[in-house]
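One structure is given below, encoded as structure tokens.
So that you can tell them apart, the chains are marked A, B, C, D, E, F and G in the order they are listed, and the count of residues begins at 1 in each.
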Amino acid sequence: MILVYLTLLFAGLLSTLFTYLAVTEKDLLKAAAYSAGQSIAYSILFQVFAATDILLAYIAISVGVYSGLLIFIVSKTERFEV
Amino acid sequence: MGRRLLGLVFVYSLALALALVVYATGSLQPPHEIKRLGVFYVEETFFGNMTAMSPEAVTAIVWDYRGLDTVYETAVFFLAVVAGLAVFRVSKTPPLKRGVGLTEISRTSTKIVAALIVVVSASIALHGHLTPGGGFQGGSTLAIAPLLVIPIFSYYALLARRLTPGLLVTLRGLALTAIGLVALLPVFKGLEVVTNIRFYPAYILGQLVSGSLLLYNSSEYIAVASGFAAVFLYLSFEEEFHEEERGEDHE
Amino acid sequence: MVEFTHLLFAILAAPYIAAVLMYTARAVKGPTVPDIILAVDCMSYDLAVFLALLSVYYQSPLMIAPAILLALWAYLLDVFASKYLVSKEVGA
Amino acid sequence: MSEAGLVWSLLVGLLAVNLLVSVYGIIYGRSLTKKLISLTIFSDTVYVFFIMVGYRLVYPTVPPVYVELTRDQLEYLAKHAVDPVPQALVLTGIVIGMAVNALIGFGIIQAYRLKKTVTARELVGFEEVE
Amino acid sequence: MTSDLVFWAGVVVVFVGGVFDFIAGLGMLRFPNFYVRLHAATIGTIYGAVLPLIGVALMALGSPIPNNTFIAGGCLATALVLFLVAPIGSHLLAYAAHKARAVEWSPVVDQLGEEE
Amino acid sequence: MKSLVGLVPLTTVLGAFTTPVVYLATKSRRATFAYATLFSLSALVLSLAVAVEVYAGKEVVVYNAGGWPGPVGIVYVVDGVNALLALVTAFLSFLIFVYSYEYIRDSGYPWYLVMLLGAETGLLGVIYTGDVFNLFVMIEVTAISSYGLVMYYRWRATSIVSGLKYAFIGALGTTGFLLALAIVYAVFGSLNLVDIGLKAMGYPGSTVTGGPLEDAALAIGLVLALSLWAFTIKSGVFPNHFWLPDAHPAAPTPVSALLSGLVVNAGAVSLYKVLYLGFSASQLPGVRVVVESVSLIALVTGLASSFLGGLLMVVQADVKRLIAYSTVMNMGFVFMSIATLSPIGVLGFVYYTVVHSLAKATLFLSVGPVIRAAASRRLDRIAGLGRSILPSGAALAVSTLTLAGVPPLPGFLGKLLIYQALFQYNVAAAVLFVVSSAVGLVSYMRLFYVLLVSPPTQTPAPVHAPLMKSVLAVLSALLIASGLVFTFSRSAFDYVFYEPVKAVGDVASYLKSLSTSLYGLPG
Amino acid sequence: MFREVLVTLWLFLFYIVYTGSTTPYDIATGLVVAALVGVPASRVLVSDERKLLDVKRYIHLFYYALKYMTVIEFKAHMDVVKRVFTMRLNPGIVKIPVYAKSRYGRLLIAVSITNTPGTVVVDERDGWFYVNWIDVASTKPEEARLAISAEFEDYAFKIFE
């Protein structure tokens, strides 16, 4: 089970790192990229939890649609958080 | 940078502290068994007495055992698109012109990739009752194709191919109506709404289609894809165009 | 035998995890947006491999389907970010 | 007390911290876009918690889907499959969350059109009606 | 016997891919600017992702998993799509970075910048 | 023939799906409105049929959606309380549809109609459902339509910004509720409300969801705390009331009526289902304490919000904002009533919710023509205008007096019931309740005086709106009639309110009587 | 007519590979989906259908893919891997002429260049590729072309022109 433990811990650490970065970053475009990174970390967790159905939807929504939406928002509003 | 690093250290130490507290209470262990209800679904979904005739327990729950949830969940997505359109509504579509787009290489590549995406997404949606996947997953995969076209060719390419927001919303409405009708039809035979196997055939020509699951999945596939396409199409109208539409709201 | 399988897969996965860690370090350091997007990209392509590896490890042929999506959506992220950097209007 | 318990506790701790950090972002984020990013992270973390409920620690863990339609598979799945219920519920939850977030995104852009800012504090002090 | 051979061939390929990926990660860390890091990223994509995917396909074909063609087919399709998509992604990022002048660097020669 | 319950929300959602198609096909305002209103009308007819079935049969109707019983599938559990609330919801929604035909005149009407149908769907689902996850989904259906409706005036910064505020806080709350559901599933292994209630009482419940429960007080406390948090947000109760006075006035007036009259009920009904039906009969040792402390918190929040709403009502200059604060106050009353966890508290909750919905919707709808005539929402500008617009003025008078609790009108009885419930619970709470409603009375009287008694500052333009006027006439007639009937005829009150609540009042026996509907009972 | 059928067949093949099974259900849905996509897409994707039928081109493509994945890539990888450790960098953007005229030929060249570590196509403009090169050996377009893309272009001509 060593791979499972390793992966869980790794993904957990990665997700916290990216969450922190996304929340504290002032450049919103970078924050959107970080939140994509956080979604990728969660994707590993979902795969380890054998939730393939979720993963198929989650990757589409979280890595793709949210990033696209956020980039659209940033492009139409402000890029930097005051 | 120094402050952020400090914050990061704080966050990780907080996580460690929480983890130690949780570990010390000893109440949290990864379960070796799943809930009785989960086992019930796994056992019944194909072989049991209360079968949905689908080897895919998740899709069986999503569209059959708890089908009502999903019908209303699609309604939530539909309402979100409609609310977005109500906020962004424009009285006319923008005039066609040549968009900015990206490089020639990416255009050529995108054409091939788009065709492959449609095939992959159809496979995901049409095998929803057999393997992981389903209408929503397939539809959101299909939506990559127009989403790629929008930045690479500019959205005028979609408008020129008659993929206007109006058409997409109509398509979405029709697909959702199909979902609603599939849920409604058993009522006319005196059964409950979203009934599956007692009304719809499980096999067609010897091939397993799991009753209404295939119908739901294929309708949802179109609905989700057109919904995403409509959302992003509305988002990509230029700001000047919205400024022209600007007006006052009267009570 | 089962123990051996665990070990084998852990060894196979280790370099990928290490690589992802290094990509993460790059994503944290930045300094520019393309750097971060590139790092996130590389991570997701690696994770596509990782997902495939996990599906062999779990001996379940059904868990392979998301890998292709990871690749495709990461590409979409690229496209959107580049379009934003090139011109202010993403859609035009 | 096992290493599995330790890993599990660490994971729960990390995810709980994610939850706290994202709530912090929602409340104290200056820009609405930042709040939206935090909101997506918050809901994603909740989904991970939900999926964790359905996990089981056996080798190999498999999704609750029949690969072959045989009775052997039934026994195999009953011993190895994860819980399908949280997956079905989270699938619903993901779609709903995405819908809400997309609507919020539309709202943010419209607010910028009207007030030329997305900073929450500047937006809130708006004028009285007529 | 053949299946074992296929499996171990897959393991070797995946392992080699892992080593290349590791080096690519190292390159991502060490290289000084974005334009150079692009090349490290290419290592990470081609020998760090496409090749291992083929290796995983071999591993799947060589192990006694039911319906292992699912995995093999999925891996090959992913490899194909990755092969088409990854270079275009790098190209677009480089194009955008150059166009937006987002990256500071001191090239030996920049014939694109000269023409603009 | 199975019961019609499952069809009620499905009808409206089908209407929502097809309305854009009808609009794009016909491009006709009249046809689109008629089409959507038709669906609302059929929901009204169906919910009336359900109510008749439940009241005549004197038993709880359990509808297994998809034919799956108990914890396997989703069930609708319709007792008298649910049937009554759903009927009121469908009735008011239908009237709001009729009213909107003359009120909504800009180009966004098809989307407006779709969202209105969506909100109605969600409310009906929230009221009927007997499954906690379905409750979450239906709350979201309501919520997302409300966000869209609040943002309907898209070129007004107020409506967009307050809609965003509402959406952020609402999304936070419902996601918290999802976390609560994760804990519910982890602890109970079930999502069926009856099953959860039985398990919390210490019974085994359905065998499909595993055996009885051991120690779970901490988890249940967490569940209840998160749910209460979410429901206070949905109902606009202190400390999460702050979005409501911004969001409700920002919407078009019929929508304000819908939001203030009906949508806020979603939180109260959910609290009633989860706290009262789910856990109040619990006999497990730790859980008892947890439930009592959570209900105390709910009582305190309700009290705080009633005071806050009452006090802030006094100082408002914007008439719609004033009415929105009165919603905060009244939802505080409703929460207090539920929090007593006694049968009479539930009676007060049901009766007061019905009366408040009718009266609040009437108040908002009657203010609509006044605002349109004066083209302003400021109290000093619209002073005295109530007199000159006749049905509007009458409806204004009736609804204000109802909410203020003036005796022959139905509001008085509601306050009396809540007072009794609180008196049994704690004397201090009852006294504070009286004080806060006295504070509210001042504001209502001010509204009454300003709109109806004080001399008009301007002569309004005549408003030609026969449908709006007839809706107002129907509503005020209904309010007066119901006040007279329920105050003076004990048997009518008993038939409509007391009997259904009596069936629910004893939660333990109610849940046990429903346990036969579950799949896989032990033994 | 041929091009519709052939594009459909290629897409069908991809469908079957991705799905990984060949039950009658897969074949039926695959054919339907591939036809639904392939028929409208073929006009966009293929301009000269005779090239699609030429077996020699497929053989070249296959041979090239094999050679590219093993020999060319390996050389390029080892080169950049060395640079990771030695940090001997000499980066720059050079312009190289491209003689291939067909869209797919240019795509193949661009993808091949970019997929080789050490070179990335940054932009393309009327017949010229601007290539980011990790080790600028020459700034003269023709010499740079010999070092970077000459081999790819040979095959591009054989396959697509």
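Here, a contact is a pair of C-beta atoms (placed from the backbone, for glycine too) under 8 Å apart; a residue touches a chain by one contact, two chains touch by 3 or more.
For reference, the UniProt names are D = Na+/H+ antiporter, subunit MnhC.
No experiment lies behind these values; they were computed from the predicted model shown.
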Comparing the two chain pairs, does B-D have more C-beta contacts than B-E, or is it the other way round?
B-D
Using mean Cα positions as chain centres, tell me which chain lies farthest from chain A.
F
Starting from the mean Cα coordinates of chain B and chain C, work out the distance between those two points in Å.
22
CA centre of chain A versus CA centre of chain F: separation in Å?
37
Between chain B and chain F, what's the gap in Å when you average each chain's C-alpha atoms?
30
Rounded to the nearest Å, the gap between Cα centres of chain D and chain E is 29
Mark out which residues of chain A touch at least two other chains, giving numbers and ranges.
1, 13, 16-17, 20, 48, 50, 52-53, 56-57, 60-61, 64-65, 68-69, 72, 74, 76
So chain E residues touching two or more other chains come to 26, 38, 45, 66-67, 69-71, 74, 77, 80-81, 84-86, 88, 90-92, 94-95
Quick one: which residues in chain G touch 2 or more of the other chains?
14, 18-20, 110-111, 121, 123
If we count contacts the way the header does, which residues on chain B are in touch with chain E in the complex?
102-103, 105-106, 109-110, 112-113, 116, 120, 131
Residue set of chain B touching chain F in the complex reads 35-37, 40, 50, 64-69, 71-73, 75-76, 78-80, 82-89, 91, 166, 169-170, 173-174, 176-177, 179-181, 183-184, 187, 190-196, 198, 246-251
Mind listing the chain C positions that touch chain B in their complex?
62-63, 65, 68-69, 72-73, 75-76, 79-80, 82-83, 86-87, 89-92
Spell out the residues on chain C that touch chain D in their complex, using ranges where they run on.
2, 6, 57-63
Quick check: in the complex, which residue numbers of chain B touch chain C?
99-100, 102, 106, 113, 117, 120, 124, 131-133, 141, 144, 147-148, 150-152, 154-156, 232-233, 235-239
